[in-house]
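The chains carry the letters A, B, C and D, assigned in the order they are written, with residues numbered from 1 in each.
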Amino acid sequence: MSDQTTTRRPCVPALEAILGDTIPVLDHGFVRVVDYMGDDGAIVQAARVSYGRGTKKVNEDRGLIRYLMRHRHTTPLEMCEIKLHVKLPIFVARQWIRHRTASVNEYSARYSILDHEFYLPTEETLGAQATGNRQGRGDPVSKARAAEVLGWLRGDAEQSYAHYKAMLNLDGPDGGTADPQVEGIARELARINLSLGFYTQWYWKIDLHNLLHFLSLRIDPHAQHEIRVYGEAIARIVEKWVPWAWEAFRDYRLEGASLSRMELAALRAAARGEAVGQPDLEALGMSKREAREFFERFPEIAPEK
Amino acid sequence: MSDQTTTRRPCVPALEAILGDTIPVLDHGFVRVVDYMGDDGAIVQAARVSYGRGTKKVNEDRGLIRYLMRHRHTTPLEMCEIKLHVKLPIFVARQWIRHRTASVNEYSARYSILDHEFYLPTEETLGAQATGNRQGRGDPVSKARAAEVLGWLRGDAEQSYAHYKAMLNLDGPDGGTADPQVEGIARELARINLSLGFYTQWYWKIDLHNLLHFLSLRIDPHAQHEIRVYGEAIARIVEKWVPWAWEAFRDYRLEGASLSRMELAALRAAARGEAVGQPDLEALGMSKREAREFFERFPEIAPEK
Amino acid sequence: MSDQTTTRRPCVPALEAILGDTIPVLDHGFVRVVDYMGDDGAIVQAARVSYGRGTKKVNEDRGLIRYLMRHRHTTPLEMCEIKLHVKLPIFVARQWIRHRTASVNEYSARYSILDHEFYLPTEETLGAQATGNRQGRGDPVSKARAAEVLGWLRGDAEQSYAHYKAMLNLDGPDGGTADPQVEGIARELARINLSLGFYTQWYWKIDLHNLLHFLSLRIDPHAQHEIRVYGEAIARIVEKWVPWAWEAFRDYRLEGASLSRMELAALRAAARGEAVGQPDLEALGMSKREAREFFERFPEIAPEK
Amino acid sequence: MSDQTTTRRPCVPALEAILGDTIPVLDHGFVRVVDYMGDDGAIVQAARVSYGRGTKKVNEDRGLIRYLMRHRHTTPLEMCEIKLHVKLPIFVARQWIRHRTASVNEYSARYSILDHEFYLPTEETLGAQATGNRQGRGDPVSKARAAEVLGWLRGDAEQSYAHYKAMLNLDGPDGGTADPQVEGIARELARINLSLGFYTQWYWKIDLHNLLHFLSLRIDPHAQHEIRVYGEAIARIVEKWVPWAWEAFRDYRLEGASLSRMELAALRAAARGEAVGQPDLEALGMSKREAREFFERFPEIAPEK
């Protein structure tokens, strides 16, 4: 980080306080705030340009931010930007990069040599395949099974990294050439022997609107654990950066819900005091599975069993 | 349009039937389907690639599309694309272009001469400024006031177009030079005399995911009438093109609702049979205005007055 | 602007010095730097992440930035961001908004009342239609013709603004209601009477890579004068902000050239000392017009007439 | 593919002829055209909308497409769209996905089980690390070294796949459960043991403008061999699809060149018959390396040694 200097730009002391700090995630990963632009006030400032004289009477900034979030007027949120340095396993990077609205500079394994660092789940996170959910993770497996699996993961990663170094003709992480008689394979080829658990790193820059969308997907309980922990670390950063926007995001998005026409009709009926049963939900157009999930989500309505 | 020819691509007979037809909108505008790619089946096809063997048991296509819409798995919707030719007033084009995820080729008034066509509201749509909503339109004004206003709109448009032609040194829409002694002003300058009510046209190409997002904003009752009628015309096209996706979009987005944490809590309380009053809503975190709008939205819950 | 405060983020004193200053453009427009993120060093920093250990030997930052520009490794340029407040005529805004990679908050004439400010060309910029170039502007017209045209432009703008106010039932720019008996037309409708020469304003935020692309198109001699002057004002800002990137951009993009296969072959032939005539260029695949323009561009090669 | 049916959309017989065909790339990969929209005529059609009456005199379509490409008027190229099904190694997918302007549906290893297929270079493509270029590949290594390296690559891939199946508790590619007593690890975790050489697949949809940009980077000699062969397969598809656009792209982009201010000045001097030496180039602003590369690129100019 730069030494302290003076600026006339908006500053966020709570974010300045952690600027450049490495926030650990998983076994070798991290998130680090490199730079940022804007604050809660910058959102308000941009919204006021849109509304011009029309908002003279809007009383206060927190209320305006909540109004924007509630009505999905999201363009003022694009006026804030953040740049993070992230170290993350390649399989996490592969999910992350699907968000196309960010700028990325990733460590290149064509130019450089990947570090000897790979992700291993803990015993607690080494879950069985979920049964009800084809993409999910169930309870942790037994300690014996975990030991077996971790042994494979560790052993294969160590062996493939040893061969990676041997292909590159390096004998150590210091990058020294091992044997001048041996031909070093191109880095861009040697790396293909490494597994998806190895760590990469990148600079990642995104505006607040798109970051909140990223977070809404990635801190969701259905997201894979290993990306969710990054999402949660970033969420804590956002909370420091733009506390009003974060509060509004929680109230109107994260802890709210999108209801279907059928769900809305069922809730209205329940609010009128009507009994709502599975046949009613299906008559509205829900599938059996939707009806079941609706009752799980709204146990207040579920008919007694 | 091309003559009929054979293809091995997916075809949608209901859309082929209107391909190239001019669907009138407003007084001089139109929407016209120029080309399209994909159908409901293309959404399913792309989703099945994502899920691979994992979806062997998903029984049918309509259900899969509904599942995607319900869980906001929107990437398969990007696999369908449509190209429209649209004629629209410039002030409508200015709102429309804010959707950045489309491809556009607009008629250029630097190269060419704009037609002598401008939008005039009808008496029915010539509304007063709304009182409760700073951006909205209220009831139609009186016939006398409408006549006065339409007179101004028409008169100013006619006069500015006459001067436009005079600057260009043209005496008619056929583009003939009026007087070889008079200097014609550059088209790129002369056009600045025309008002936002004049018509422009463009080719506009967008994928289904982004089109549905466009429609969700533009057929909303808060959208300006003059863009909403375009949205509605396009909605009828989408319904022909991808009927299952459209049905799912209506059930899970258009006719559903996004509820805040506070609204959700209030609905749960009502479903449990509890009385919910204004103070309860404010205790949950709603502003007075939100509470009032909540009761308007859910009259089932509103306490008796 | 904020008062001075301290930050650990990269700062650019030359840009801080003009932060918030209104830089006049055209008769009523301006550009104003609201905020920025990053500097030349931030480009280098991001590039070094990509190259990792691989760049230990790259000697210095200016050279690395030139290397990036030369090889079109543009992603590190995305790591810098700038936010401008711009006041501009609507016809300029219509060209500007076609750049889809920026964030925009525009003054809304649905919410608010547009100011009584419209663009008028000067006598010097009031050009005739170009003859060789369908979209271009030729020499200024005569003073008499200019006076006539400016009279129309001013008169029509004044009249349409007067009617705009009359529709809104306002008697002055202070926004006071004129006559409580008269129905005010909805702002979203009344504005359609205004011409493309009226001023709007927006906050516009973009990263450096996309900004340089914008500038390469908009400070080009073929760009319309009225947007080019904005481009030139922004170019001077970029030069203060990231002087090395700007220098490299000039050397490798602005003052360089993209040559076709045919142009390249002709230049190679000339460099070998061969005479190159029109038939040679056409034999390479140029059209007559391309050949003529080639000789205009490279008079060193043009055969003597 | 669908059976043949009739359509009024533009059709390209040369592309219809290969629709759905699997074009092999690398040892287990492929490219397959799934669908397309538009043809050379669609580019012309969109350009004519932009130019309106202004292009009455443009004589023919091929010339107009060349004009667009020459002047980088690229928006009409966005009016064509293609959808490909691609099977590719994960390390290739990681480079490919950096192009953010496409739509993608990738096979999900959270839902489904990856096939037992990984990429192995051939002896001919198993290159040594390049010496002059930190990211490049030099000559093939010796047969003995190749055998050793291929042994490691194959052995590690086989072992990690065997453990992958063992974690999933599957005994074969048919997906049957091996031993009901053994806990199957979640697919989303087990996959992290697989290397970057394993194959994935996706549907990839992109417009022609962005596809040409992709190709300009990916069929460049500096691109990694394993992605370049995909680029070349797609280039042959594009040539069938839009032959005029492809020809223009080759003439104005692929086989042309972007020259810097310094290169342009040096070429002009050479065309005037002046001798141009290394000191001259450096005086213009080139680095020593640029000057050396300039002479390699333009041996016509290089001073005799």
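FYI, a contact is a pair of C-beta atoms (placed from the backbone, for glycine too) under 8 Å apart; a residue touches a chain by one contact, two chains touch by 3 or more.
The shown structure was predicted, so the numbers you read here are calculated from the model rather than taken from an experiment.
> If you match contact pairs by residue number, which of C-D, B-D or A-D shares over half of them with A-B?
C-D
> Among all other chains, pick the one whose mean CA position is farthest from the mean CA position of chain C.
Between chain C and the rest, the longest centre separation is with A.
> Can you check how far apart chain C and chain D are, centre to centre, with Cα atoms defining each centre and the answer in Å?
Here chain C and chain D have centroids separated by 32 Å.
> Indicate the whole-number Å distance between the mean C-alpha point of chain B and the mean C-alpha point of chain C.
Here chain B and chain C have centroids separated by 29 Å.
> Which integer distance in Å separates the CA centroid of chain A from that of chain C?
36
> Which chain D residues touch at least two other chains?
Correct list: 51, 54, 104, 108, 111, 134-135.
> Touch graph across the chains, line, ring, star, complete or other?
complete
> Going by the contact rule set out above, which residues of chain A touch chain B in the complex?
Residues 51, 54, 63, 66, 70, 72, 134-135, 250-253, 255-264, 267-268, 270-273, 285, 287, 290, 298, 300-301.
> In the complex formed with chain C, which residues of chain B make contact?
On the chain B side, the touching residues are 89-91, 94, 97-98, 100-101, 104, 108, 110-111, 119, 121, 126-130, 134-138, 141-142, 145, 149, 152-153, 156-157, 159-160, 163, 166-168, 182-189, 191-197, 224.
> If we count contacts the way the header does, which residues on chain C are in touch with chain A in the complex?
Residues 1-11, 16, 19-20, 34-38, 42, 45-47, 49-55, 75-76, 78-79, 81, 83, 85, 103-108, 111-113, 175, 201-203, 205, 207.
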